[in-house]
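Take this structure first; my questions come after.
Order of writing sets the labels: A, B, C and D. Residues in every chain begin at 1.
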Amino acid sequence: MLGICVIGSGRAGLIHARNFAAGRIAGARLVALVEPVAEARQKACQELELDTAYADHAQALADPRVDAVIVATPTTFHRAIVVAAAQAGKHILCEKPMATNARECDEMIAAAEAARVTLQIGFMRRFDAGFLADKQRVDAGEIGQVVLVKSLTHGPTTPKPWMYDIRTSLGPLAEVNSHDIDSLRWFTGSEFEEVYAIGGNYRSPDARQQYPDFYDNVILCARMQNGMQGSISGAQGVKYGYDARCEILGEKGLITVGSLAANSVVTHTADGSQAAVVQSWRNLFLDAYRAEDEDFVRCILENRAPRAGGPDGKAAVLVVNAGNQSIAERRPVRLGERVG
Amino acid sequence: MLGICVIGSGRAGLIHARNFAAGRIAGARLVALVEPVAEARQKACQELELDTAYADHAQALADPRVDAVIVATPTTFHRAIVVAAAQAGKHILCEKPMATNARECDEMIAAAEAARVTLQIGFMRRFDAGFLADKQRVDAGEIGQVVLVKSLTHGPTTPKPWMYDIRTSLGPLAEVNSHDIDSLRWFTGSEFEEVYAIGGNYRSPDARQQYPDFYDNVILCARMQNGMQGSISGAQGVKYGYDARCEILGEKGLITVGSLAANSVVTHTADGSQAAVVQSWRNLFLDAYRAEDEDFVRCILENRAPRAGGPDGKAAVLVVNAGNQSIAERRPVRLGERVG
Amino acid sequence: MLGICVIGSGRAGLIHARNFAAGRIAGARLVALVEPVAEARQKACQELELDTAYADHAQALADPRVDAVIVATPTTFHRAIVVAAAQAGKHILCEKPMATNARECDEMIAAAEAARVTLQIGFMRRFDAGFLADKQRVDAGEIGQVVLVKSLTHGPTTPKPWMYDIRTSLGPLAEVNSHDIDSLRWFTGSEFEEVYAIGGNYRSPDARQQYPDFYDNVILCARMQNGMQGSISGAQGVKYGYDARCEILGEKGLITVGSLAANSVVTHTADGSQAAVVQSWRNLFLDAYRAEDEDFVRCILENRAPRAGGPDGKAAVLVVNAGNQSIAERRPVRLGERVG
Amino acid sequence: MLGICVIGSGRAGLIHARNFAAGRIAGARLVALVEPVAEARQKACQELELDTAYADHAQALADPRVDAVIVATPTTFHRAIVVAAAQAGKHILCEKPMATNARECDEMIAAAEAARVTLQIGFMRRFDAGFLADKQRVDAGEIGQVVLVKSLTHGPTTPKPWMYDIRTSLGPLAEVNSHDIDSLRWFTGSEFEEVYAIGGNYRSPDARQQYPDFYDNVILCARMQNGMQGSISGAQGVKYGYDARCEILGEKGLITVGSLAANSVVTHTADGSQAAVVQSWRNLFLDAYRAEDEDFVRCILENRAPRAGGPDGKAAVLVVNAGNQSIAERRPVRLGERVG
């Protein structure tokens, strides 16, 4: 039985922690939690009926019962924790975005390789039943060669103040659109060549004065290395719900995936038809997180490569950086271009 | 150019009149209107830019410019007008329900046959693009042998006081569900054998005291002669819109037709997703009415039988009568049974 | 920690067994299984990583680690097992249909009451997120007073030979439509007064000769005691998927629940739009089964009445019996009528 | 009664011609047609039951029965014909794209103003019921301030050889996306400030050698002058149907308009759910073309400005030119920038 430690008890961290605590993931159990804030730590332990919790990840990495860690802290801590975890011989599932830049990613990948531990990145859409069915249909040639992939993520959550500084948070392209970036790579089977992005702050008046370059809405056009096209939109603080949809245009057809409908109930009255909208990625992708956690455990036990590994995480970080540069400099940015 | 006279300027009458007045129907033009109420007559003439209007249908039948009539009066007048029109050599498109009982229908059919004029009944769903596509798919064997046809019509209009007496109005089974009855015959390719119906007055408190047997909501189960099953529901005064949907269950699949969506616009806000509902059969079946009018003209000009003729009208009236008897006597009623 | 024993390792039994074996249900664990067929028993134990399995339920009832049983055997065994379980002081979740007739139901209810154990009936749609949202909207008055409830269940599974004898199996009204019957009671808040049903065998040629009264397709009209109307359709062996939808017509609107879409993926090609259909109630209601199992455990621990208890099970059995009698005698049958 | 002459008997020309020939447009009638190709001219006259047809537009402009012209020729002829028509005192409805560059547009606008004739541009989506409902909801503030407008048009028609030279045809941005460009202006209430576009040839192998800069697929990101964002995609020769959808993201919600469903019929079988896809803009926007023609006539009769006039046509041409330049130069292009 693999012992799992979740580092960070924010929203994503708790999803993973609940999966492992409830015994939903065969072959693994939650044995510890890391959370620096005492109050949040106690609350999480209580909910998870967990005895062991640490304030510092170093303590967890020294705990021999811990075989693997889930890293769900703010992005700036990812590199240090992942490298330390690898050096301690722990397997790692690291949430997206992998890190703040390519150099950090390289260090993390190198550390995991040196220690021969599994390093998986949290692109859980690759485990979602809908996205998987979509991918199967694309791969089966139902729409011929792919021409254009469009992917959007709009989230209801208002950006938190620490996100305002996009030098450290990397902005919505990282927080919200990392998944879309990964989907474009996944569905086109290609790396990004060049991106052009436009960002703007429409719903976050608090950030305007101090962080004039903060954006809560972004569109991005991409040229893929294999000549395919890509288009992404991202939004934070939309009021209507959580929206994650993707369209893949091929030579012979179009595949659409994603829906705003929270359930199948529709009320028809004199005011028209009314239906509930998905309110959170936590509802929408709950099964995907579970499948991701299951596969993480199986990758470790069967000693095979994860569906999304370090290079996938790094590739997304590169696109985020290029996108942010494009927004700032108002010009298309090539991937691998020397960043000013 | 066929000269058309519309008899009755209610809602259905005006739809036909507008089609012919606007020149939308090749080979025919509106030449006259019959409406006994002076005010309604003048209003209709003005809207239709029409010179000729009569208070009595006998005048219209004497007008040599009139080649064909559209009968859109209350049901009780259908027999007399249709028989007179046939005797005057006019072709006839008679709105549903054809008449109040089978004997009247027989007289109308006989008169049209004797005069060798076209007698078409206003089952315009047989001309609707959706229902036609549905029928084509059924006939192409896409779902195998038909097992069960379910059809519903719910209308927003509150029943008018003259409908309260179901002996003369025949009730919602006639006013609302004639189309569903015709659809069951059309999709099963069979006559009705036996029906069982339940009716109730849920939204028409004004009728309760004087017309205790009035119903504004009805469900009906049918056994078809060829062994297939049928199910109908009807409702008047529903607040949410106009609802006409049909489902055909076959041995190998299911076909659904009909939608509540008035257009493709959906607004997603914190209150959920919201869309407009179809508000009237006039919007929903506008193209079907036009196709029906066009085919009526072509049937006359090409001297061929209409898609829905007198026997189709009579068959539906028989089902209405049996259904009403079933509601009253709380037992299944066989078609052709001696009516008490 | 409640010890759970699942009796019967058919499809429904395994769903419950998997829930408890995987630790998905807080406060309870699977401790034993009863399955008379050795091969099936071993296969189930292997899948569930379970040590203890019995060939006979009496052995399980004697096992002190068993606190509660899930009864998922063929209907004919329900009475004997439930009564014995109650007498052994075990709490009971009994699958639908509860039993073959009202007398059996009464014995089961009496035994549970005498032993003061929980007796819950497996109407898991009451735990489905969609149906619950539907019920909330109805109860909140969004569509005013209910007028008509329509509910359908069409299943892909071909009837098994033992179902052909409807005297013991009770036919599709029990196997397939028990849930719809329960939904009509739930949404109208009323008992059934009278039903009329039509059945036919359309897809089961094997049964025709020996079981001429077997039906694999049924429609049923109902009059509820409070004057509301109900309509049900049931089908076995439909090829297209698993179909469970419900519509509630109120004075002021309509609520629809249920969808055929298996996921949100749609492929658009020259052949049109194509989407996957739900293939099994096991997929559709997996979360509902889990919520049902969770509530069963909580009802026991908190000593409160289950959402669907013995009287709910009995009420559905009465409707099934009346419906079958109506099909056989081709007349409406009142509930509580002396059964011939 | 206004006399209408349609210039050009291609697909768009025939739609207008049929509207006016059939008398569907109150206050106007088709009196003549201009088509240089004899065979096409005769065929059109026959279909339209029209006596008068000219090989040259100059002849039509000299015909005193002609009060207004519909210009539906290839784009390169628009300027000359519109200017001549204005000078002849004829009112003008000119199809999109208005012309090949801004200077031509200016000449056309000036000529119409000098002659005091109506000059309307064929942005018929502004007359579509769905897009109008969408606009109403936006203007009513249902989603707050607009943030981002996304609009796509994918058409099934393979590009014709004359379109391969984008210097004269202006490419798909003009042929296909003129409507999307207009929608962005309409829904944002703003002019374009800067665009960035990516084009590629994915389905037109014939064009590759001789016209390496031809593209049949394009994505475009836009910065509007008022700070809003815009995103467009265009495709020619998609196999699956005609696809025109738009999404408007506001501060408080999202509005979607457009649907791929050709009708409401869905077949569910063992192969899944299957529905027909809209096959042509001619089906989808038939009512919009009629409403556009009606409004054109009313604008003339009531002497009021058209819903989409010369400046709207010019604005779209400017965006097309900037987009094509962006594709060629792989950089964002500001509107009004000196074109190389």
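Convention: a residue touches a chain if its C-beta (ideal position, glycine included) is under 8 Å from a C-beta of that chain, and two chains touch if they have at least 3 such contacts.
In this text the structure is predicted, and so the values were computed from the model without any measurement.
Novice: Is the contact between copies chain A and chain C built from the same residues on both sides or from different ones, judged by whether over half of the numbers are shared?
Specialist: same
Novice: So which chain is farthest from chain C, going by the mean of the CA atoms in each chain?
Specialist: Ranked by distance of C-alpha centres from chain C, the top chain is D.
Novice: Tell me which has more C-beta contacts between its two chains, B-D or A-B.
Specialist: B-D
Novice: I'd like the Å distance between the centres of chain B and chain D, where a centre is the mean of that chain's Cα atoms.
Specialist: 40
Novice: Could you put a whole-Å number on the gap between the CA centroids of chain A and chain B?
Specialist: 57
Novice: If a residue has to touch 2 or more other chains to count, which residues of chain A qualify?
Specialist: In chain A, the residues touching two or more other chains are 239-240, 243, 252-254, 268-270, 276.
Novice: Can you list the chain B residues touching chain C in their complex?
Specialist: The touching residues are 145, 147-148, 150, 154, 194, 196-198, 200, 202-203, 217, 219-223, 227, 229, 231, 233, 235, 238-240, 243, 249, 251-254, 330-332.
Novice: Tell me, which parts of chain B touch chain A in their complex?
Specialist: Spelled out, the residues of chain B in touch with chain A are 239-241, 243, 260-261, 268-277.
Novice: Note which residues of chain B are touching chain D in the complex, please.
Specialist: 22-24, 26, 129-130, 133-134, 137, 142-143, 252-259, 263-270, 276
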